[in-house]
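Multiple structures are listed underneath, in C-alpha cells.
In the two assemblies presented below, chain A is common to both, partnered first by chain B and then by chain C.
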Partner chain A sequence: MTSLIQEAAPARRTNRTLAIFKALVRDPIGCTALVILAIVLALAIFAPLVAQFDPLVQNRRAILQPPSLTHWFGTDDIGRDVFSRVLYGTQVSLLVGLMVVIITMVIGGLIGMISGYFGGWVDVIIQRIVEALDVLPSLVLSLFIAAMLGPSVRNVIIAVTLAQIPRFVRVVRSETMKIRNNDFIAASRVIGASPLRIMLTHGVPNLMPTMLVLGSLVFGIAIMTEAALSFLGVGTPPPNPSLGTMLSQGTRFIGQAPWLIVFPGLMLTISVLALNLIGDALRDVLDPRNR
Partner chain B sequence: MLKRLLARYAFVTALPALAIAAAMVVAPPAMAQEKHGGKVVINVHADAPNFDPLASTEFAVHSRLGLAMNRLVEWKTGDDIGYGQFVAKPGLAESWEISEDGLTYTFKIRDAVWQDIAPVSGRAVTAADVVATYDAIIAGGVQKGLLSTVDAITAPDDKTVVITLKRPNVVLLQNLAHQNMWILPTEAFDGGYDRNVTVIGTGPWILTGDEAGVATHYVRNENYFGKDENGEQLPYVDEVEILPIKDLNARIMAFRSGQVDIWFGPLNLTQMEGLKQAVPDIQDVQTTANTQSELYLNPGFEPFASLEVRQAMNLALDRMGLGEVVRGGGGIGGVVGPALNAQTLPEEERIALYGTPDHEKAKALLAEAGYPEGFSFEFTVLNYGEEFVREAEWIQQDLAEIGVTAEIKMIDPVAGQAMGKEGDFQAMFLMMSPFAEADEYFTSHYLPGAVRNYTGINDPTLTAMIEEQQGIVDVAKRQEKIWEIQRYVYQNIQNPLPIWAAVLLHPAQGDIRGWNPMITQGFPSLSEVWIER
Partner chain C sequence: MIVFAIRRAVLGVLVLVAVALMVFVAIRLIPGDIVNQQLSEAGAVTPELLQEKRAAMGLDKPVHEQFLVWASGVVSGDLGSSLWTGRPVSAQVGAALLPTLQLSIIAIVMGALLGVGAGVLAALWRGTAGDMVLRMMSTVFLAIPQLWLGLLTLTGLALIGYYIPLPYRSFSAEPWANFQQVIFPALALSLGVAAALSRLTRSAMLEVTGADFIRAARARGVSSSGLYLGHALKNALIPVITLLGTQFGNLLSGTVIIERIFNIPGLGNLLFEAVANRDYTVIQAAVLTYGLITIIVNLMVDLSYGLVDPRIRGIRS
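Right, the complex of A and B next:
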C-alpha cells in the first residue's frame, strides 16, 4: 500500500506540472509571453552562433555606425557591434535573473518555511531580521551591497539575492502558516514524521505554485536590478556587455546615436515584460477561483 | 565755365569730406565702448565650508577667495598664454629681485590698501602683513609644503620683504603664486577677526554676503590697485555672484536659461553639444586639462620588472586614436603633462615617443624579454567615469593586439589610491592630480618614497637630475634639463606610461568678453572680464 502511494506521488506531481503548463499555453497572454521568452532565451543561449562579431572587439574603422546589413543594431562609440553586445548582455541578464531566482527560492523558501512552521521565538527572530532588511528599498540595498563587494557578475547576484530574500521569506511564511493547520499535517505529525520531512513532502509541493508566480516576478526584478546596478557603475564590469551598462553609456550619445539605447532598452523591456506576463498568467492559472 | 563754377562753389564739394571728418571726431570709436558695469554670475558646484585659506585646499574655498584677495605673485592670463603656463605677474609685490646664487628673493610691496572692513578698515598693505601670513602658513597652514625651502622671511622696511632659502628653489615664485597662497592682514593672525567667516583682502571685489546653498555675492572694490593695459581701473564688472549649484543638470539648465554667465566645473563634449543647441551664441572655450591619465606597471609583477616589456606596452598603445575617438580632443600625455606647454616636450616629440604605435616592434620586445606568447595581468581601473573607463577599454584592446591580456578590475578611486600606495596591484590606470610645474611631476612620481611613486622607482641618476633642475636659476638652462629628464624617463624608466590629457570645456555666454580660464583657482582673469552691450 505504502509503495503504491510512493509510486503514484511523482506521477501526480508530473501531471500537475504538465496541467499547469497546458493551462499556461491555452492562456493567450501566457502563451505569447512564453513564446517571446523562449525566443529571448534561445538568442541568449545561442549568442555565440547568432552573433556575427565578438562583442568585445573594437572595429576602430566603424565608430558609431548606424544600423546596417553588416551591423544590424549599429556600432558603439569604440566600434563594437551592438547586436552582439545586446545578445551577450541578455545572456548576462538572464544568468543573473536565473541564479537570483534559484538561490532566493531555496534560501528564502527554507527560511520562510522554518519561520512559518515553527512560529514562536524562531518566527519572531526571523521576522525582525526580515523587517530590518525590508526597511531599505531593495534597489538601495542591492546598490549598497554591490558597492561594498565591488563590480562583478557574482557580486551582482549576491547583492540582488540578498535584497530579494525577504520578499520570499514573507510570502512562504504566510503560506506555510496556512498549510500547517491542515489535517494532513497534523496526521503526519501523529504518525511521527519529522518537521523536515513534513516541510519537504507537504510544504514544498503546496508552496510551489505561489513560489513559481513569485519567482517569475523576481526574475524580472533581478534583470531590472542588474541593469540598474550596471547603469550606476557597480554591476557587470567593463568591457563585458550588460544591458544596463549599454544603456548608461548610450545616454551620452542619445542625440547622435539613438540605436545605442533603443536596442538594449527594447531587449530589456521585452524580457521583463514577458516574465511579468508569465507571472500574471501563472497566477491566473493557479488561482482556484479561476478553475 | 565748369572750372569757374567749381572754383566758386569749392566749399560745396568739400562738404562730404568735412561731414565725414566731423563724424569721426564726434562719434566715439567702436573700440572705446564702456567696459565698466554689469554683473557676472558663475557656478561653483559646492559651498565654501569656511573662508580660512590656511585651513583647507578645497576649490570651493579658494575659488571664492580669489575674487577678494591677492597673492604676492599672480598668474598672468591672456589669449597668448596657455591654460597651464605659469607666467609671473606682479601681485601684491610690484617687483622682485633674485640673488645670483638663487638663495635670496627681495620683493617690493606695492602701494595697495586693504578693503574697508573692520578691524583693518582700509589701511595700507605693509611687508608685515606678508611676513605674518607666511609665518602662519609655515606654522600650520595646509600649504606649508610650498614654503619648505624657506629659511627666513624678514621685513627690513614697510615695503620690502626678503625671503632667504635653505637651498635654491626655482619654483619659489610659482609656489608663492599657488592657488592657496593668499595674503591676509596681520589682524587675521592676532585675533583681530575670525578668518573663517570674514574675508578682508586687496582683491578686485569685496565679498558682501555668503549664504550656503544660495549665493556668494561680491561688489566692486573701488580701491583695487589693478589697472588694464590702457591704465583703466579694474575690475570692469560691478558685481559678481557665485551660485553653488551642485546638480549637473541644474547647472546645465541655469546656463541654458542665461542665469549663469561663466561655466565652472566638469562638462563633457556631449553635454557641450546640448548647450550649443540651446545657446547658439555660446563661447566654446576649450583648454587641455592639467591632469592626464597614467598607466602604472608594478615591477613587483614579474613581466613589468622588464624594461623591454614596459617599452612594448608603450609601443602597443594608439594614444592619438584614443584621444580623437574617446576624448574628442585634448593632448597626448608626456612625463610632464601637455597642459604645461612650456615645460612638456614639444608635441611632435611626444607623438614620436608615445603616439606612434608599432605592434611588430612591441612583439619583438616581448619576445626579447621572454614573453613571445604574451601574458595576462590584472588591470586595476579607478572609476573616474565613463570616458575614463572607455580609455581603459581602448588600452585593453591595444594590448590584446600584441598578445597581452588585461583583465579589467574596476575599483573606487579612493580605494585605488590606497592600493597604489601599498603597491598592491599589477597594473593600475588612474587620473593624475593636477600639477602646475614640471618639478611637481618629477618629485611626486620619481623620487623614492614620493606620494605618486606607486611603482617604487629609485634611480639615483634620475634623482640627481631632478635635484639638479631644482637648483638651476637660468630659465633656458633649466628648460633643457627638464626636457633631458623627460627623455631619460622615456629611455630608462617607462613607468608610469602617460596616456592622455582630456579637453576641458569652459563655456561662457556670448556677451562675455576677456574670459581666459586658467589652471589656478580664483578666476585670475575675471577682473578683466567685461560685458558687451
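Right, the complex of A and C next:
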C-alpha cells in the first residue's frame, strides 16, 4: 500500500510539470515568449558560431562605424564588433540571471517555508531580518554588497541574490501558511511524518506554481540589476563583454554613435520582456480560477 | 489611528537600527579599509603609519565599541565626518538628499497620474483597440530597464540637438535650469511606475465595476463619468496605493542609476562615490537615509489607507 503511493507520487508530479509546460505552449502569448527566449538563449549559447568577430579584438581601421552588412550592430570606439559583444554580453546576463534564480529559489524557498511552517519565534526572527533587508531599495543593497566584495561575476551573483531573497521569503512564507492549514497536512502530521518530509513532499510541489511565476520575474530583475551594477562599474569586470558595461562606454558617444546604446539595451529589454510574458502566461495557466 | 501610527513609527525605528547594525558589521568584515586605500596611493607604507592613521580614525577599537560611538553620534544628529574629505557627513547627505527627493517625488507623481489615468481609460475602453494599445505599452515599459530608458532619453535629446544644461542647479537657485535638468530623468523614472500602476488600476476597476453598489448607483442615475471617478476609482484605489508604496522602492533604486546618467548630485551619486573610496561614514549615512526614506513612505502608505477607506480607520484606531 505504502509502496504504491510512493511510486505513484513522483509520476504524478512529472505529469503535472509537463501539463504546465503544455498549457504554456498552448497559450499564444506564452508560446511567443518561449520562442523569443529560446532564440535569445540559442544566440547566447552558440555565440562563438553566430558571431563572425572576436568580441575582444580591436580594429583600429573600423572605429565607431554605424551598422553595416559587415558589422550588423556597428563597431565601438576601439573598433570592436558590437554584435559579437552583445551576444557574449547576453551570455553573462543569462548566466547571472539563471544562477540568481536557482539560488534564490532554493534559499528563499527554504527560509520562507521554515518561517511559514513553524511560525512562532523562528518566524519572528526571520521576518525581522527580512524586513531590515527589505527597507533598502534593492539596487542600493546590491550596489553596497557588490562594492564591498569587489567586481567579479561570482560577487555580482551574490549581491543580486541577497537583494532578491526577501521578496521570495515573503511570498513563500504566506503561501506556506495557507497550505499548512489544509487537512492533508494535518493528516500526514498525525501519521508521524517529520516536518522536513511534509515540507518536501507536500510543501514543495504545492509551492512550485507560485515559485515559478515569481522566479520568472526575479530572472528579469536579476538581468536588469546585473546590467545596472556593471554600468556603475561594480559588476562584471572588463574586458568581459557585459551589456551594462557596453552601455556605460556608450554614454561617451551619446549623440555620435547611438548604436552603442540602442543594441545592448534592446537585447536586455527583449530578454526581460520574454521572461515577464512567460511569468504572466504561467500565472494565467496556473490560476485555478482560469481553468 | 494615532496609536497605530506611533506603533508603526516605533517599529520603523527598530528596523532602522537593525539596518544600521547590518551595514556597520558588513563594512568591517570586508578586508581592505580606507587606510590601505589612502596610503597605497602615498607610496612608502610602514605598519606604524597604518596604526597611527587607524587610531586617529577610531578604526583600531573593537567593532561593537565603534558602533556605539557612531550610534550615539547619530542620535544626537552627528553623523561623523567623511573619512576621505573630512567634511561633516550630515552636511553632505543633506545636500544630496534634496535632489533625490525632488526627482523621486516628481517621478512618482507623474507615474501615478499617467498610470492611474491609463488604467481607468483601459478599463473604460475594455476590449477595444485602445485598451489593447495601452496594455501592450504597459507590458513593454514594464520590461524596459530604467538604465536603458534614461540613456535612450539622452540619445533622443542629443539627436534632436537638445542638450540639458550642466552643471546641476538647485530649484531655489535657478528654477528654469533645474526644471530642464529634472523633468527628463523624472519622465524616464515615471514610465515604469506608470506601467505597473496602469495594469493594476485596470483590473481593480474592472473588478469594482462588476460590484452590486455600482449597479445600484447606475440605477440611481449617477452619470457615467461620476460613476467611474467617484464610485469605482475610489474603491479601486486601495490596491493601487499599496503598489504605489512598493513602486517607490523600485523608483529609489532607479534614481541611483538615473542620477549618474543625468549628472544629478543626489544620494545615489554620493553613495556611489563613497563606495568607490571606502568612505565608511558616508556609506553608512547614505544607506541609512535610503532606509529612512522607505520607512517614511511605508508609514505614509499605511496611514493613507485610512483616508481612502473609512472601514480601516474604524478597525485600527
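Operating definition for what follows: the second predicted complex is superposed on the first by the 291 of 291 C-alpha atoms of A that agree within 3 Å, B and C clash if a C-alpha of one lies under 4 Å from a C-alpha of the other, contacts with A are read in each partner's own complex, and residues count from 1 in each chain.
Quick note on the criterion: a contact is a pair of C-beta atoms (placed from the backbone, for glycine too) under 8 Å apart; a residue touches a chain by one contact, two chains touch by 3 or more.
As the structure is a computational prediction, the values presented were derived from the model and not from experiment.
Regarding the shared-chain residue A:132, is it in contact with chain B (first), chain C (second), both, or neither?
second
By the touch definition at the top of the document, which applies to A:261: first (chain B), second (chain C), both, or neither?
second
Examine A:58 and indicate which partner it touches, taking first as chain B and second as chain C; both and neither are also allowed.
A:58 sits against chain B, while chain C stays out of touch.
Which of the two partners, first being chain B and second being chain C, lies in contact with A:238: first, second, both, or neither?
A:238 sits against chain B, while chain C stays out of touch.
Touch test for A:151: chain B only (first), chain C only (second), both, or neither?
first
Is A:140 contacted by the first partner chain B, the second partner chain C, both or neither?
After superposition on chain A, A:140 lies in contact with chain C alone.
State whether chain B or chain C is in contact with more residues of chain A in the superposed arrangement.
The partner making contact with more of chain A's residues is C.
Which chain A residues are contacted by chain C in one complex and by chain B in the other?
147, 233, 255
Over in the complex, which chain A residues touch chain C? Could you list them?
So the residues of chain A in touch with chain C come to 128-129, 131-133, 135-140, 143-145, 147-149, 220, 224, 227-228, 231-234, 244, 247, 250-251, 254-255, 258, 261-262, 265, 268-269, 272-273, 276-277, 280.
For the complex, give me every residue of chain B touching chain A.
Chain B reaches chain A through residues 268, 270, 273-274, 318, 321, 325-326, 381, 383, 386, 389-390, 392-394, 396-397, 408-412.
Using the touch definition up top, name the residues of chain C that touch chain A in the complex.
Residues of chain C touching chain A: 15-16, 18-19, 22-23, 26-27, 30, 139-140, 142-145, 147-148, 151-152, 154-155, 158-159, 249-250, 252-254, 256-257, 260-261, 268, 271-272, 275-276, 283, 287, 290-291, 294-295.
Under the stated contact criterion, what part of chain A meets chain B in this complex?
Per the touch definition, chain A meets chain B at residues 56-58, 60, 63, 77-78, 147, 150-151, 233, 237-239, 248-249, 252-253, 255-256.
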